[in-house]
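The first chain written gets the first letter, and so on, giving A, B, C, D and E; residue counts start at 1 in each chain.
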Amino acid sequence: MAPPQTSQQTGTPLSPAELSYLHTSLTLTPPIRPDSRTPTQFRPLIAESDILPSTNGSARMIWGDGGECVVGVKAEVEKNSASTGGARDWIEISVEVSGQRDDDAFLGMTVAESLLVPGSGVLERLVLGERFHWKVFVDILLLTPPLSHPATLLTLTTYLALRNTFLPRLVSEVAEDPVFDDDWDNALALYPIGRIPPPITLLVVSVGENIFFDPTREELAVGDVALAVSICGKKVVGVRTLEGGSGGVGREVIKRVIKESHEVAEEVFGSLNSVGEGD
Amino acid sequence: MPRELDPTANEKSFILDALNQKLRIDGRDLDSFRELELNFGDDYGLADVRLGKTRVLARVSAEVVKPFADRPFEGIFTITTELGPMASPAFEPGRQTEQEVLLSRLIEKAIRRSNALDTESLCIVAGQKCWQIRADVHFLSHDGALVDASCIAVVAALQHFRRPDVSIEGEKVTIHTMTERVPVPLSILHVPICVTFSFYLDGEVCLIDATLQEEQLRQGDMTITLNKFGELCQISKAGGLAINALNLLRCAKVALVKVGEITATVQRRLEEDAAVRVRRDNLLESKADNERA
Amino acid sequence: MTDRRRINGPPEGTTPLEFLTGFTHQSVIKRSPTTLRKIFLKTSLTPPATGSAFLELPTPSSPSTPTLKLTASVYGPRPLPSATAFSPNARLTAELKFSPFSTPGRRRGYIRDGVERDLSAQLSLALVKSVDVGKYPKSAIDVFVSVLDCEGGLGDPGDGKGGGGVEVGLMGVLAAAISCASAAIADAGIECFDLVAGGVAGAMLERDGDVEVGRVGEGGDSGGARPRGEHARKVTLVLDPSPAGDYVILAAAAVGYMAAKDELTLVWTKGSMSPSSDGTEETERLIDGAIRAAIGVRLVINEAIKERWLLGLNEIGLIKEKGVGGDGDTAMD
Amino acid sequence: MSRYEILSPEGLRTDGRRWNEIRRFSAKMATTTAADGSSYVEHGNTKVICSVNGPIEPRAANARSSERATITVDVCFAAFSGTDRKKRGKGDKYSTRPIKSPNLPTYQGGGGALLMGRAQSKRRVLEMQSALSRTFASTLLTALHPRSEVHISLHILSQDGSILATCVNAATLALVDAGVPMTDYVTACTVASYTNPDESDEPLLDMNSAEEMDLPGITLATVGRSDRISLLQLETKVRLERLEGMLAVGLDGCGKIRQLLDEVVREHGNEMARMGTL
Amino acid sequence: MSQDPPLLPPLALPGQPLAQSPPYTAGTGTHTQNSTSTITASIAGIPRAHTDMSISVTRPTASHPHSHPNPNPNPNPLLLPEVASAVLARVTRLNPRQATVEIFALQANHAGAEMGVCEHTFQGLIRAQDVRATERDRVKILDCFRVGDVVRAVVISLGDQSNYYLSTASNSLGVIVAHSDAGDPLHPINWRQMACARTGIVEERKVAKPI
């Protein structure tokens, strides 16, 4: 069965010869990717949103390489006193990779970091009067770990789920205990249209002069540097280095990666939103 | 982890051939239990069940605890089972094997979940104090039919058990010692009994109360829990050989009869034991009577 | 049911003790944005380790100033545990641990939590790219960094601050850990392409009295609909920001930087939605800033290592004091 | 016995079904390429994803048997599958779904009860797993693949009654997709026994969670078209006389499910033929 | 020192450029940056230019910074067995096919390196066919080594995950220290036998040529 691919380990079964072949073919201009994609092209994926009635928002994504990810968002009312950590505890993210004991720290942190970007205005939409707030649980379930690094799959699915997350409308007064409008049609979107959308994180690997999006495991293995770039709305809100690559890279490369991913993100958002309308 | 040795090929073929001719190697006919032997300890709530070589000991004890926050009006009833190496070398102490979990789940469903014991009656002060009745099942030797035996043991022990009497005036709760007041029996709503069927030869043959050897050779099994009023408490046929629905119903009918017999035996033994006790502590008994009068 | 056997806690829970953290952050704000805090770095203080280093910043002027203290120790190259498969390169593992008493107020447990696992992963990333792992086949190099004291919390939720801005606490810790560990590796004499220095830079937004950016509510709509007036407020680039600083950091970057090769081994940036621009050039500015900080730190590392060596060499009188013109860091520019 | 009417005088159930109707059933095969076989089953609001790997080399030494393939099952309740999100304890991957039973109020809040709930559900999951593996062990031709393992992993995304049954159906589909040789489909459904005001009983096919809470019911799985029952579970008290009626309805229900599964499989087969993969 | 190299700093730090790759070559403790072919220091130490135009950076072994009560010989943590490096090893296990040894000292195979004691011992393997150069198929391990012997050998391969593969197939290689069953030291008498001075008992070994 497919080995559980954690962010800590990018083991590839490739021989040095194969790796060098891969590396050269990727450094060509124009580059040649093993699966003959263009550098900015993503692998085909099936996405559906709003699949689980028992959640406030949910999405499911299946990738060509068999990676499958389900995200369910649930909201519970909680006393402000209950969460000592302040507003940042109001959103709780857990990443569960099936067949793995504990949650994946790196992925969790990456998602949480971009999700809790200050000023995204999510947290204040969770406020319920003076004493209560919504506590949102984002449960990310990686059913069959993909053969490549799951970060992209994971965040795209999370984006879809959050995009379709709705919270019942509050009808009670600010001071009293919250009472909700039980008509689901009046529910409020967690991320209303026009406001800042949820973030996504793109996985980018740079080989020589070229930059590739949605890299496969093999491409990650030969890349000079692999970055996870989080984009929220139109803004780059986070960059993280991933394992893979040997030696450092010049700052120009990093900057180019950031620029390009910012441009590509536009298209990604576009297509994702179309999914949302799709079903 | 040590495993129970499987029967040799010879034993296997012999037993199966015998079964094919509707014969069991211990001479029983297919749908009869082994000789059920039930003894009680000197003090209340200790039942010792022997079913052939299988021997199970059930101990019921009570203590006063705080009821669960979400169910203030109910007492707590727990059953704990532990398969130790004493029963069979195949069992290790400590770590729960799958078999053990399944067994305890079965007994759980058969007795606790079917509300054989009326937990409301265990409440002393709502939300404050209640009795926790706890049944510990010990397996002394394992020769098949553990479920049936332990189920009998537990229900017998529950019926045999007497808890100290309590009196409440105002806030004050007094728990009277056994000598001070006659201890009171638990309120048992019904007496569930488990009957386990074992299926052989593609369902042609089905046995009751299989021995260990027979259990090892069976293709499928089913445990039906009934009480003598003909209420099904629990059926569990977890996979194994697929059995024709009519056969299953037939089994259920048979089970009902068996349950009747067993409950009767348990009842008889309880009465005998009670009689013995009366004779023994006649004195105390009468004294208590006067006090109550 | 088995759970009934264990002793459960009291049904009505107890509240943990609140500690007062009496920090006065004045010293921090006095620093000009582009000057780094003073760093104290000393190598080979842990005899059993192959190489080790201790880093502290800033050198406490008064006992009340929050400081960051951490030690790094390097073991190896030593043979891999027999279970692991053959590897032609050295396996470098880095583990970062917060000592239980490191964070004020809250005691940290001994089991590594998510933060620690994440930082450890990033740390090993930053280091492994600088070490010449090819030189040490089938051997393991283990780096242990333990944070003894971290300037008034990691800025993890709980210690109030940072609602409006991003947290730089962790970045500071990571950067310091990288520098310290790199010094330790050099001290161990393990062959590496270059030393890695960690640097942090942040886009600072002075908070003037009238507007509270600290609270969530405000920070919330600061994204899209921020009044024009707000943009007038100065956003300056600050190197090596202290989490104890009394200002809001809108965005921050931490880098692992190899000065001699002018290459990055690690990039970690956090941004916020305000001011609403596309974050690219902002991020770039920050990365450059962080690199500048890293260069500064690098000089300190050089000096520390040299100092250690002069000590060593003098002992055996291999060279005399004046021999070293200290032009080690001329290589940097 | 229940706060609201399970069965209206017109003979309609809360979700508008008649007594012998099953809920909307839709299933897909080969949903992912990562596993040898996979399926996704929606039965009403109960949704299960199943993936099968095997026959593979046993991952655990004790899962190796020299004469037949061993079947291992993982059941995992997603954190968001229940009505309220499960509170996960350190390390355990099981949902603390309240134990359903008419006379036990469901566990909620209350430290002790929750602890109990978690321990309970852990064992409950274990029971499910063993029941599933034993069910398929008797229908798959395991003797063809000695010293190997067939691993079935089930993820329950959303629970609305008949979970064990749905798991069985999903697993059957996935096993067919994986091409593991089997004698016939194993199909499962649930039957509740409703007590009319006039004490006469009425079996209701295919319980949803509300009905599971309030009514005694059985889960049964049959092999192929025959009325041979390989799995039968009853967890709550009910008169013995009623069993017969429930079984009858249940067998009929399983037949229906089998029909549906069969269509899915054939549809998928044709699909593959069209794609030229066959 | 032919012509003076471009000023070598008295103390080099990792990443510090020392000289251009042509004419100079990278010696120990240095590496050549592929991009700008400059010889760069990889460790902190004293750079030296050698007559063979190679530049090396060395840590003065005598002062390994933290070893203040300076035990001699000072275990050098950075010694790793490489192919062709000579080692001293102690025999720990024997079976008919191979002798398992633990390497406790070795001599890196670059010029002018001397035998150094390593901090950790490495597990090595002397396979029957690697014991001697002649009639390898007749080798009986039990007639060549005994547990406890100290062997001089060379590394022939990094081997598998757990063992380095060693060879004693040379006159200068083989058992150099051995004790009889009684525990008395044995002295080599010929290339395959050693004798005890006290009892005169003779035992079989693969003897290294005494130096």
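Assume a residue touches a chain if its C-beta (ideal position, glycine included) is under 8 Å from a C-beta of that chain, and two chains touch if they have at least 3 such contacts.
Here the structure is a predicted model, which means the values were calculated and not measured.
Chemist: Using mean Cα positions as chain centres, tell me which chain lies farthest from chain E.
Modeler: B
Chemist: Which chain has its C-alpha centre closest to the mean of all protein C-alpha atoms shown?
Modeler: Nearest to the common C-alpha centre lies chain A.
Chemist: Measure off the straight-line distance from the CA centroid of chain B to the CA centroid of chain C, and report it in whole Å.
Modeler: 63
Chemist: At what distance in angstrom does the C-alpha mean of chain E lie from that of chain B?
Modeler: The computed centroid separation for chain B versus chain E comes out at 72 Å.
Chemist: Centre to centre, by mean C-alpha position, how many angstrom separate chain B and chain D?
Modeler: 29
Chemist: Please set out, as single numbers or ranges, the residues of chain E touching at least two other chains.
Modeler: There are none in chain E.
Chemist: Name the residues of chain B that each touch 2 or more other chains.
Modeler: Within chain B, residues 69, 104 contact more than one other chain.
Chemist: Please set out, as single numbers or ranges, the residues of chain D touching at least two other chains.
Modeler: 111-112, 116
Chemist: For chain A, which residues are in contact with chain C within the complex?
Modeler: Going by the criterion above, the answer is residues 7-8, 84-89, 103, 105-106, 108-109, 113, 117-125, 127, 195-196, 225, 227, 232-243, 245-251, 254-255, 258-259, 262.
Chemist: Which chain D residues qualify as touching chain B in the complex?
Modeler: 62, 99, 101, 103-105, 107-113, 116, 123-124, 126-127, 130-139, 218, 222-223, 226-244, 247-248, 251
Chemist: Inside the complex, what are the residues of chain C that reach chain E?
Modeler: Within the complex, chain C contacts chain E at residues 43-47, 50, 52, 76-80, 82, 84-86, 88, 132, 135-139, 186-195, 258-261, 302, 305-306, 308-313, 315-316, 318-319, 323-325, 327-328, 331.
Chemist: Help me check something: in the complex, which residues belonging to chain A touch chain D?
Modeler: Going by the criterion above, the answer is residues 1-2, 51-55, 58, 62, 64-68, 70, 72-74, 76, 94, 96, 98-99, 101-102, 137, 139, 141, 143-147.
Chemist: Quick one: which bits of chain E touch chain C in the complex? Just the residue numbers, please.
Modeler: So the residues of chain E in touch with chain C come to 9-17, 29, 31, 33, 40, 42-46, 59-60, 62-68, 77-78, 80, 82, 119-120, 122-123, 158, 160-162.
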